[in-house]
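Chain nomenclature is as follows: A, B, C and D, assigned in order of appearance, with residue numbering initiated at 1 for each chain independently.
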Amino acid sequence: MALLSVDELSVTFGGVHGRKESTAVDGVSFDVDQGQVVGLVGESGCGKSVTSLALMGLLPGKGVKLGGRADFDGNNLLTMSQRELREMRGKEIAMIFQDPLSSLNPVVPIGVQVTEILQRHRGLKGEPARKEAAHLLDRVGIPDPTRRLKEYPHQLSGGMRQRALIAMAVACAPRLLIADEPTTALDVTIQAQILELLKELVDEEGTALLMITHDLGVVAGLCDQVNVLYAGKVVESADRHELFAHPMHPYAHGLLESIPRLDAPRGEPLKPIRGSINDRIAWADGCAFAPRCDYYTIECLTGTPALTVPAAAGHQVRCVNPVREPVEIATLETPDVTATAHGGTSA
Amino acid sequence: MLRLVIRRLLQLIPTLLGLSVLLFVWLNRLPGGPASAILGERATEAEVARINKLLGLDQPLYIQYGRFLKRIAELDLGTSTQTGQPVWDEFTLRFPATVELSIAAMIIAIAVGIPLGYLAARHRGGWLDLGSVTGSLIGICIPVFFLALILKGIFAVEMGIFPTTGRQSTDINATDITGFAVLDGLITGEFDASWDALVHLVLPAVTLASIPLAVIVRMTRASVLEVVGEDYVRTAESKGLERKVVRGRHIMRNALLPVVTAVGLLTGSLLSGAVLTESVFTFGGIGSFIRTAISERDYPVLVGFIMFIALIYVLINLLVDLAYSLIDPRVRVH
Amino acid sequence: MTTSTKAAKIERLAELTAQNETSSGASLWREAFRRLKTSKMAIIGGVVIAAFIVMAVVGPWVAPHSPKALTWKDEVFLNRGEFVGPRGENWFGLDHLGRDMFSRFLVGARQTLLVGVVSMLIGLIIGAVIGVVSGAAATLGGAAGRRVDTVVMRITDIMLALPSLLLAASIAAVMGQSLTTVMIAVGVVQIPIFARLLRGSMLAQGSKDYVLAAKSLGIRKRRIVVTQILPNSLSPVIVQATLSLATAIIEAAALSYLGLGNPDPSVPEWGVMLSQAQRFFDNAPMMAVYPAVGIIITALGFTLLGEAMREALDPKLRG
Amino acid sequence: MRILKSRGARMATAAVAATLVVTACGSDRDKGDEGKDGGKDTFVFAGAGDPASLDPALASDGESFRVTRQAFEALLEHEPGGSKLVGGLAEKWSSNPEGTVWTFNLRQGVKFHDGEAFNAAAVCANYDHWFNWTGTYQSSAVSYYWQAIMDGYAKNEDKELKPSNYKSCTAKDDNTAVIEVNKASAQLPGGFSLNALAIHSPKSIKEMEKQEATAKGDAITYPKYSQEAGILAGTGPYKYVKWNKGDKQVEMTRFDDYWGEKAKVKNLVIKTIDTEDGRRQALQAGDIDGYDLVAPADVKTLEDAGYEVPTRDVFNLLYLGMTQSKNKALQKPEVRQAIAHAVDRENLVKTQLPEGGKVATQFMPDTVAGYTDKVKKYEFDTAKAKSLLKGAGESKLKVDFCYPTEVSRPYMPNPQDIFELVKNDLEKAGITVTPKPMTWAPDYLDATEAGSCALHLLGWTGDFNDGYNFIGTWFAGKDKQWGFDDKKVFDAVNAGAEEPDATKRVADYEAANVAIMDFLPGLPLSSSPPGIAFGKNVNPPKVSPLTQENFAEVSFK
């Protein structure tokens, strides 16, 4: 059975003192198996980060309604008590955040920020903790770790900071690692290195990785299974090759088409998706993507489209009239991470 | 670090000089001298004139200012017209009392204010939040002397829990070493004296604490609210750290930065609060002394005091900056 | 293309950025106002202030008796500690000289408001001028400007260094006692605060991209300050102004406690009334409580509104 | 009205307090009580201001004398609780008919605090010490009373000083001292009773003479010995232990070799609490056992609560001063009379002044020899005031009215209130009054002395029982404060000044009073005793019109 299986997860904000409710995540389901890398793709605001926070139990208690279930080997994360979650976090499930600078405590030395988690979950104190911390920093490729331990975040470079964060995340060899846009805040070259590092770690440890990104390049480079999110719902879910070969949902299709192609003839314009995520309609009335959709027909407006399996097994699509013709992707087979890392900028 | 200290102290000099001129020009526009202060209705014009002549108050302003500067240069703040004693002695005599009071007040303000502010922030919108916010607002809005009167009326006169005036009961003659009544008791082992002094401190300290307390509560609250939303707190949570670690190491250590600055500035303002508080409780500190100095136009004392305050103010800010650079690594670098 | 047209284009661009920014400033205001209307603090504060202002305006007309005349002077026996409490014709009772407390309270509101507003304005205007000068100098003045700035700030340093009450007291002492003195004294204390504040937020604005852009495009400095920096620097000042009204009223009360208040005690002003009444706190506590509560509530009103405005204008405090 | 002391009020105040009281639970009752238990062998009395000097010779204010009086005694004293001169350190005294040679038969077996014996030599040592003062000691800020009584010094350093009236002091024998002056003076023998001229131990005087009073910077520095216990030694029932300036208190202890009845309570502490309500609350809370200058409003309250609130006889005078040079209208007798008629002095005394207060008909209280009923009285009559003004063509009279703030004088417990009442009366009579508040010292005193206040409130507390001590201070000659020149008045006043014969002198004073009240240079308002209060468990001393209470008489119930 899956390590993490999310089933009809929904997150609703507001409702407290007069603020109107808004549903950020609207019945999302997906699984993550042992050692598997699963991508959660979509433009910002599609609810992918909220999903991750919901799984970690990091959403504020007040003004947030959770629905569905998210079973982490058998027990539902959503109903766990804070105390249980505290036990779980950092040890079983760890998370890497988007902005390494703001995600590190500016007034606490890196060393402490690493050792504190070791102390918490592995009971390491003092010298041994420091040794282990140094070892971790070394492992994530931070040179001269013992010196770095004493330094403060502002003294590190962006890449280093992200490495440090990763070091903390993997410190207790968690079984699931959630990475929320881990590379977005970094320069392109660094991005690649970080992705490489993640890849290594996952391969070595057999850690499952839930990669949350808007960057199809990252997905192409890393993920086994990909879920495309739009307006809080999974609109397409397939394994990497299948998706890149035959994206069926017009949105996914659009995303892929909008990747600038290195081999595209000069002068050929890019093909971005029209409009923004704000021009949408409620899922209840029909397909939220309809307003931006090239293939949109009147049928799209008859209630929420169901997740169907029109083609290959395990390739689900939430669309009334899926796209049939494939897109040519320069990087379809064995995508080279560094080449595509700076690819998708659709959102 | 050392350079910072030196630079600040150098900056102090022009400040004080400017201040001295300012004050001198001000105060010398005031009429009269010590004569009528001493003699009351018995002072006849002739006598006033004679005494002013004796003191050289009849000489032109610039000469007087010359004398004044010379004195200042010799670190001689002059002589109090109220008491006929050197201003410096009067200060050293009374300052410990005020310092003791201010410290007590600050301790109350900090010890109560920071936790309260934190809790208010964490239970935002809750009754505690509401209570402490309104409380602190009232604390800012209630005239200090009125608060003093009420506290005194209720806890000293009605209930008789605390004494109404003074620093120590008259029958306790504690040996005076540092001038800090509480401390002296501890040093000499006269614990009853210490306790007695402490009991005398409570009401004035609480009164004096009201404003800093209010400010600290609100600052802490605001700054905790801000920090709680920071990414690194989320990171800490994502590591599954115990609550107290998250609170202490990750929230408070950042949230307190602005509060530290505030505390520094407040300490300055305490001294003017002391003027009112001490005179309501006739607390034998510099505050009540200054109050009479104000109404009796004891210029040497006023000038001396204001210079003194300016000095303290600068020193406190210096300390704040040092403290700041100790707790915030980002400052240390440049 | 010719340089002239190029320059023109640059100008246009800069103006666009400027408009863009200021308009965003304007929308900030609209946004803030919207938030203000929903804030409980603001509503309570607003109501209190409104009530206070109404009282100050109509008070003297609706006052049932003369606030000055010692109409019932034969009924109060100070030397026997016999005061007259609330009764039919005198809702708040009589003061220690046989004047109608209620009328004095009503009329006192006007005086109190007057003191508060005028002294706040003194602080605001002078402080603002100083602040703008050094702020502008610091943002655009180059080396010389920075020198000007430091000098000005030294001066405000000195003023800040003095305990406000002491400063006020010595001013009152020098200028002799009068209502004007009180207002000046209390106002002067506010000057450095406003100066610092305005300068601070101007510096902050000065480093914003749109200003840098405008600068780099060589738009006249005065223009930048007037059209761009100032409008966006005002919000904290307005907040402070509201809060200052509260502090002014309280400081004024403190001054009259130190005997430096309004010279003519027959003219009712809450601060004066309070400091007079505290002598009889034991025999007639209410005599002190009325003006005291008046002061506290009013100050509270202004503080609440000020705080609400601050929260509304400062996105950080929202959540 | 006690209703005001209602629960409602308390709740209101309590509520306000409660929001802010944070740690007010930190103490326990008995500790708070210690002051009171300790009170059994320590009597704590609160005055309104710090003493200026522990040496009475350098002092000129009541706060100082309140302290020094317990430790020092003069040749003559006033009878306990009265204003009649009686023997002090001198049992008997007499003078020659010219009133220039004063012979004192000294009390025997009197010891000073430093063990020295009291004798004629000691007396002369003191008088010669004062007479030979030099430098700053000659400033009236330091030696006011010597100048008041004896005019000048052996070598006057300031030509404006009058030549000294003091001639010599000789010790006829151990117990007989003879003091000679150049001419008879109204200041004698009263002056001999001043505590400022109290007798110090010769040994201590030697020490004092080593120290200088200096005038440095902006102020006069009193010699060190006058600021601490140690050198100073008198003959009083108490001797100095310590002047704790920080805690604003002078601590004294019983002098066991005192010649008379020894002090009943072992320790005496006189401390300063500068506000009226501060003192009252301290008494109510049991922090002190008594205090002076009780606010009139509190007298009844304290009495009802069972405190000892004895009433002093009046020995002071409050008047409405008029400066004719400042406001020409005041030069018209009708205007002055109109003002006199306009002011409701009855109401003032009835409502504002403490119990025992009296309306003043002339410029001396009825306890002083020279007081007479034959003076012209000006009853309250607004209508008459109006018509007088009309007659004088001053119906639209405008006048400045100065009053002191933040001060309470023995004759004027609450100047601001008195000002408001008088102002109100004057306005009723159609006079426009411009209030001119000033801080008591220096502004108000300087202004009034310089004659820059058309109307003002001032007064006087007698030093000893002699009429000249009152009227002489104001009307002995042209004075800016009054700004008039009227030979008739001046002569009448001075007639008594150099009259050696006591009875004749009194007659002169009565005549003077009549003359003054006919001319009406100002309006005598009232004589009122400063209130004094003691704890419930205190047997108070005889209270004195000259506020010369002797705390040695105090004992606890």
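The rule is simple: a residue touches a chain if its C-beta (ideal position, glycine included) is under 8 Å from a C-beta of that chain, and two chains touch if they have at least 3 such contacts.
Owing to the predicted nature of the structure, the values given are computational and were not obtained by experimental measurement.
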Centre-most chain [mean C-alpha coordinates]: B
Chain whose mean Cα position lies farthest from chain A: D
Computed distance of Cα centres, chain D from chain B, in Å: 37
For chain A paired with chain B, centre-to-centre distance based on mean C-alpha positions, whole Å: 55
Separation of mean Cα positions, chain D and chain C [Å, integer]: 46
For chain A paired with chain D, centre-to-centre distance based on mean C-alpha positions, whole Å: 90
In chain C, residues with contacts to at least two other chains: 173, 258-259, 278, 281-282, 285, 292, 296
Where chain B touches two or more other chains at once, by residue number: 138, 142, 149, 153, 157, 295, 297
Multi-chain contact sites of chain D, meaning residues that touch two or more partners: 10, 13, 16, 277, 281, 406, 439, 443
Which chain pairs touch, all of them: A-B, B-C, B-D, C-D
Chain C to chain D touching residues, read off their complex: 69-70, 73-74, 76-85, 93, 96-98, 173, 176-177, 258-259, 263-266, 276, 278-287, 289, 292-293, 296
In the complex with chain C, residue positions of chain D that touch it: 1, 3-6, 9-10, 12-13, 16, 276-277, 280-281, 295-301, 347, 350-355, 357, 405-406, 414, 416-417, 419-421, 423-424, 435-439, 443
Chain D residues within the chain B interface of the complex: 10, 13-14, 16-17, 19-24, 26-27, 29, 31-35, 37-39, 42, 44, 50, 52-53, 60-61, 136, 139-141, 144, 148, 158, 160, 215-222, 227, 242, 245-249, 251, 267, 269, 271-275, 277-278, 281-282, 284-288, 406, 409, 439-443, 445-446, 449-450, 458-460, 480
Residues of chain B that touch chain C when the two form their complex: 11, 14-15, 18-19, 22-23, 26-27, 29-30, 124, 137-138, 140-146, 149, 153, 157, 222, 225-226, 229, 268-269, 271-273, 275-276, 290-291, 294-295, 297, 302, 305-306, 309-310, 313-314
Contact footprint of chain B on chain A as seen in their complex: 56, 58, 85-91, 94-95, 97, 99, 102-109, 112, 116-117, 120-121, 152, 154-155, 165, 168
